[in-house]
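Order of writing sets the labels: A, B and C. Residues in every chain begin at 1.
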Amino acid sequence: MPLSAPLSVPLPLSPSALLSAVEIAATVAFALSGLLAGARKKLDAVGLIVVAGLAAFGGGTLRDVLLDRRPFFWVEHANWLWALVLLCLGAMLFLRKRHLGVEAAQGQAAPQPRRLRVGTERAMQWPDALGLGLFTATGTQLALAMGQPAIVAVVMGVITAVCGGVLRDIVCNDIPSAFHDHRPYAVCAFLGGWAVVGAQALGWPEGAVLLMGAGLASGLRLLALATDFRLPSWE
Amino acid sequence: MPLSAPLSVPLPLSPSALLSAVEIAATVAFALSGLLAGARKKLDAVGLIVVAGLAAFGGGTLRDVLLDRRPFFWVEHANWLWALVLLCLGAMLFLRKRHLGVEAAQGQAAPQPRRLRVGTERAMQWPDALGLGLFTATGTQLALAMGQPAIVAVVMGVITAVCGGVLRDIVCNDIPSAFHDHRPYAVCAFLGGWAVVGAQALGWPEGAVLLMGAGLASGLRLLALATDFRLPSWE
Amino acid sequence: MPLSAPLSVPLPLSPSALLSAVEIAATVAFALSGLLAGARKKLDAVGLIVVAGLAAFGGGTLRDVLLDRRPFFWVEHANWLWALVLLCLGAMLFLRKRHLGVEAAQGQAAPQPRRLRVGTERAMQWPDALGLGLFTATGTQLALAMGQPAIVAVVMGVITAVCGGVLRDIVCNDIPSAFHDHRPYAVCAFLGGWAVVGAQALGWPEGAVLLMGAGLASGLRLLALATDFRLPSWE
């Protein structure tokens, strides 16, 4: 259990506080990706909140429906619903000019004319990639703990991380960018999920499994963005 | 319990008969909104029936899936499925010329060239608004009775009232008009849901809670349409 | 039980082996319809696999979510997920030129300029129609065995057979062809489902019920395609 040792070292910032911070940053990044997607489609305030909520909580909710698991995250921690509404209203009040027209965080890195757009996009790539890793690893662990077969657990991890954005895009009447933009996103989650399965099979402690699986998925995502790697298509 | 008193007065039309009448009128209005949306997209008979069914029963079904509640309304009262098919076939046979091209009931009140369209639209605003109120209140009450937190119960009420139209629009390949048309619809449901939560917390009897919550949501909707109130957007 | 007799006759190819063969051929045909729909939308490899998986397993999964039934087919037989990935990667490697641009199997039989397209389309009509029949019959039987009312069981059979293609088309940002192309597809499933209900009520053995219901739905579908039968629309 070499990787678990650092987790028990007393730090100024404890691992669980760090984990919470990453989780909050990632959820906010996912919600903002929904807010931006909705703004591009000129949704009203209700639509913006719904699409932000779908992007933030839709993946975990779909996973829980498929696994027949209750309560949902946003039922158990219902205050997050208020946080979501406040985040959306705050963004609508304070961010209005700076961020409009920004491409969604999820890998649509096509060059934009205005510097601010690229800046916002880049700023969101990091928390978005961290969320990809974190939600993949926790989703896979959760499905394994419920006794699902390995491949199913990995698929559940991928669904947790990816399907919020998929539902966001379906409601916005777009083909989901995760299926369309030729950037590795679900693939990074898939590999991270298998790393979780492997590490768990080797008997690693839970914290180390999480750290490694999430780190691998996030790292692969950031590496793919940095190297401008493209997924193959058919033809 | 002042508001509950009228409910126990023997009337020519009993409250539960009135409630049933409102429920039937509202469900028919929701189904017709699906039928009209499908007709605008030139769906075939199967598509029209499916979209009408989604508009009528989709919101309650999604709520029940999220709450892990069975049987669905249309399973417990399976005769409604026959009623739906007959309604659709009847509409296709008898309404064909008069109503084609009518805008959906859910608030798309943009001025239309032909008088009939505006007439049909207006005729459907009333049962549609009654359905908004009724389904919000019953959905919220049902979730409260299952022990959900207040904000979750309100969200379930909103889902009951709004998501039938959302699913209708997704299948018709439109951005859901509830998220897009800048008319208060989900917002009225949201406020009506909180009224249900508040009245229940004050110990009002169930019938009074229903009447007040449904009346508030429906009234706000009709007021918003009458005053041409618009929701803010982002920008 | 006259129809069940042939099922117990020892054949070189046993009925259950034949059933498995039909099931595999039909699932592959459904997956290929997703692959082709995704290719027309220029999805990347991840999108192609997801859409193929939705087309193949989405109908049964939606039925099981509605019936609150677990495990899903692809959880109980998780190897099918690997088969799906291999099928998609194999198709992307080996079929690329020959099949691109082919219309989906589900009845879009509009004349195509190139002979190959029509050939592929025709080749897929048979396994697709067999899948329509098989999945309708098994879905209806399963819902009846869970004690659902007859009309609900038939609807579940239709959902099993049709909703994979519906989810495929929604993710591809199309109006579902089953609701739009005026070809009888869900109607054949509906009639086949009622045949299952009727035969079961008459006490036929399970194998005979399956054979008859599936055969009727598949036969009606092939007959409708052969005679170019069109569903009525509204107007």
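Keep in mind that, in the parts below, a residue touches a chain if its C-beta (ideal position, glycine included) is under 8 Å from a C-beta of that chain, and two chains touch if they have at least 3 such contacts.
Everything quoted here is computed from the prediction, not taken from an experiment.
Undergrad: Which category does the touching pattern between chains fall into here: line, ring, star, complete, or other?
TA: Basically all the chains touch each other, so complete.
Undergrad: Since chain B and chain C are copies that touch, is their contact same (over half of the numbers shared) or different (under half)?
TA: Different: fewer than half of the residue numbers at the chain B-chain C interface appear in both copies.
Undergrad: Turning chain A onto chain C with a C-alpha fit: angle in degrees, nearest 5?
TA: Answer in degrees: 120, to the nearest 5.
Undergrad: Express in whole angstrom the distance between the two chain centres, defined as the mean CA positions of chain B and chain C.
TA: Taking the average C-alpha coordinate of chain B and of chain C, the gap between them is 33 Å.
Undergrad: Would you give the residues of chain A that are in contact with at least 2 other chains, written as numbers and ranges?
TA: If we look for residues of chain A contacting two or more partner chains, we find 65, 68, 170, 173.
Undergrad: Which residues, counting only chain A, touch chain C once they are in their complex?
TA: Residues in contact with chain C: 65-66, 68, 148-152, 155, 166, 170, 173-176, 178-182, 184-187, 231-235.
Undergrad: Would you tell me which residues of chain C are touching chain A in their complex?
TA: Within the complex, chain C touches chain A at residues 35, 38-39, 41-48, 50-51, 61, 65, 68, 70, 72, 74-75, 78, 81-82, 91-92, 96-97, 100, 170-173.
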